[in-house]
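Sharing a structure, written as structure tokens. Questions coming.
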Amino acid sequence: MKRMRIALVAAAAASALALAGCATGGGEAEPTEEEAAPTFEAGTTMAELAEAGEITVGTKFDQPLFGLLDPNTNTPVGFDVEIAKIIAGELGISEDNINWVESVSANREPFIENGEVDIVVATYTINDKRKEVVSFAGPYYMAGQSILVLADNEDITSEEDLVGQPVCSVTGSTPAQKLTEIGAVPLLTDTYTNCLEPLRSGEVVAVSTDNVILAGLAAQNEGEFKVVGEPFTEEPYGIGLALDDTEFRMWINDVLEASYEDGSYEEAWNSTAGTVLPFVEPPAPDRY
Amino acid sequence: MTGANVLFDAPGPRARRRSLIVSIIAGTLILAGIVWVLLILAAPRESSGGLVLPGQFDPTRWDIYANPAIWAAIGGGVVRTLQAALVAAVLAILLGVVFSLLRSSHIAWIRIPTAVVLEFIRGMPVLLMMLFILLVASTGQYWAVVSALALYNGAIIGEALRAGLASLPRGQREAALSVGMREMQSKFLIEFPQAFRQMLPIIVAQLVVLLKDTALGFIVGYNELIRTTMYNLAAFVGNRYLFSLFFVTLVIYLIINLTLSWFARWLSRRTASGGRKAKGKPIDPTQGLLVVQASAAAQEGRQG
Amino acid sequence: MDVVIDNLPRYLDGFSKTLILLAASGVIALILGTLIAAMRISPIPSLRWFATVYTELARNTPLTLVLFFCAFILPYLGVRFDYMILAIIGLSYYTSPFVAEALRSGVNGVPVGQAEAARSLGFGFSQSVSLIILPQAFRMTVPPLINVFIALTKNTSVAGGFFVAELFTIGKELANANGQAVIAVLLGVATFYLIITVPLGLLAVQLEKKWVVAR
């Protein structure tokens, strides 16, 4: 309760500051969080969150480039985290008032359904079965499943070379399912860093998951591994939220589109995943 | 059968010499094995792309530990592990008392459903129980971990207490009742203190298991020690430090658990001297449960 | 519940792996545990020390770390096996001290007089242990051993994190693929575990009542 009150006071102070800023300086085009005091129709999720002055976001804590807990600051860093910050910013919520909750594959849908998190931004692939229980804003990024092999491996160039071969991936993930479908033998563990030792020792011939995750692994171990072939699936990353909250979903889509326009999306990308991956034009949100 | 020395004569000079020689050879072999393992770990290793990875003891694999933030993160993991374990331990003991009461109730429709529920709890993997509690009761990660651990270990401690109660001489209860105590008074004032004291080492040993099992909290994303080091930190600092993180984690766990185990043994010794001794008083706590359970079952068998 | 029926083959696949893990590590842990128990009461002090150190290490290491050692460090040292076998090694190692404790409790349950009688008839250490003590200890040991195996059944679920697609891993896979029915999927997993553990538990209770000798 106490924390909530502090948050409210902080939010009020922030919006007062922002108002003052508007009154004196006029609207500079700087995309900071408290640019303007946002107003929302009463009763919407946006209004509730803006009034509470805090938001709970589920994200990965162990995914390089997208969501990774930084021990130096004890907060997560990465592209997903930046996207969440943009959304929070539009609600008038500052970074410090975002509650980060680690999201693992087993708790994403239930956390959204139970209202334990407001949104999930966690390399979360949009698919139809998930749409039965949660809804997705976005996609805000189009990833694709790809293959990581040893740097001197010339035999594997596409997913067809994986048929019948042992390939490492992570339990409870979409790529693992896909591996079974294409006829590879998936060896599953809990986290991608565990996949590299078997790859070195030859217990598996490749690691396969979303290209962006593989790029992160390759970058952390320079020269040892390489990503090969073209992505062979489409993994649209979406922002998970409550099933029937269409207003909130449409509003997040608006925010995403605005961030594509004003450069904050590209900025978010360049400061995180952009350090090892090229920038690609963001996909248009799917307003289903 | 407490003193194993009845099984063989005190060794004479020749037997002693022989056993010394065997010991020296075996010790040398073990030592050589350890050295061999360390040498392999220390050797640099060729990887793909013509890269030579440094050995596991190379400073570049350990330099993260110069960063205080890493230790702060590890410390946070230790604190969260102990936090979950401590709260779960208290709850488990309370639950254990409740379970043992319900389970030894004279009313069949209390006793039998309790037995079924206990069997269910004991038969479910703790991992699964955590997930269930998280998903069904939507408790949040911390309480999912704590309540699953409390339930499971409460069931075990409950059984231990029940066995302890059953192994008390019937005279204790009869005496209590005959001086005018009610059923519950006798249970709480006379029987429980004795059963509890007798079972204390076993309960502490079960608490070591509980502490180790907090590691299963990774499944619901609870940031205990192993999740902190082997998942989040490993992802942050990179795969190069995976082994060193493993060693650090292992050492921390061993320190915590060995301290607790040592405490369990110390308690066991303290409670063993003086006071009423159980039949075949065990030296080691875990086996004590088995012995007392067995003798309790035997007594129950005799009674009914 | 449709999810469970639709994916029954996958459940059964995982279940069979769980059973293999259970059976193989159960047998090996039994052998290892017996050896350790024998060492702990043996006349040679160094064997007793070894057994003590082994027990302390195995009992105080979380299973996750034991399995990590088997899945990553053993192959690094040149031990190349299938991950299934590596998991079996880890589970056996982790379970063996508990087996040893169960056995030791059985041995401790045998009255000292039995051993004294055996010794007075001129039996040596191995004779009195194998002919007099163990046969009597066995009856007291079986129920607690069953409890050890129940714990082992549940512990196999940890191996799922280390490249063995046992029941729990299958459960996680299915839960991910069927985001709309996570709870049904997990109930299915729980049922399969209970199929193993509940009968074992009931057996333990029965044997305990029947076999235990009141002394």
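By written order: A, B and C. Residues from 1 in each chain.
Here, contacts are C-beta pairs under 8 Å (C-beta built on N, C-alpha and C of every residue); 3 or more make two chains touch, one makes a residue touch a chain.
A quick map from chain label to UniProt name: B, C = Amino acid ABC transporter permease.
Keep in mind that what you see is a predicted model, and the values were worked out from it rather than measured.
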| item | value |
| --- | --- |
| Neighbouring chains common to subunit A and subunit B, by label | C |
| A-C or B-C, whichever has more C-beta pairs in contact | B-C |
| Most remote chain, CA-based centroid, reference being subunit C | A |
| Chain centre separation (subunit A, subunit C; CA means) in Å | 41 |
| Mean-CA-position distance for subunit C and subunit B (Å) | 15 |
| Residues of subunit B touching at least two other chains | 131, 135, 218, 230, 242 |
| Junction residues of subunit C - those touching two or more other chains | 72, 76, 182 |
| Per-residue multi-chain contacts in subunit A, two or more chains | 106, 110, 190, 194, 197 |
| Subunit B contact footprint on subunit A (complex, rising order) | 61-64, 68-72, 74, 101-104, 106-107, 110, 114, 116, 150-153, 190-194, 196-197, 200, 217, 220-221, 223-225 |
| Sites on subunit C touched by subunit B in the complex | 41, 43-47, 50, 56-57, 59-65, 68-69, 72-73, 76-78, 98, 101-102, 104-112, 114-116, 119, 124-125, 128-129, 133, 140, 143-144, 150, 154-155, 157-158, 168, 171, 182-183, 186, 189-190, 193-194, 197-198, 201-202, 208-209, 212-215 |
| Subunit B residues touching subunit A - in the complex, by the definition given at the top | 47-51, 53, 67, 69-70, 72-73, 76, 131, 134-135, 138, 140-141, 218-221, 223, 230-236, 238-240, 242 |
| Subunit C-touching residues of subunit B, taken from the complex the two chains share | 1-4, 6-8, 11, 15, 19, 22-23, 26-27, 30, 37, 40-41, 119-120, 122-128, 131-132, 135-136, 208, 212-213, 215-216, 218, 226, 230, 242-243, 246, 249-250, 253-254, 257-258, 261, 279-280, 282, 284, 286-288, 290-291, 293-295, 297-302 |
| Sites on subunit A touched by subunit C in the complex | 105-106, 108-110, 127, 129-130, 132-134, 168, 171-174, 176-177, 186-190, 194, 197-198, 201, 203 |
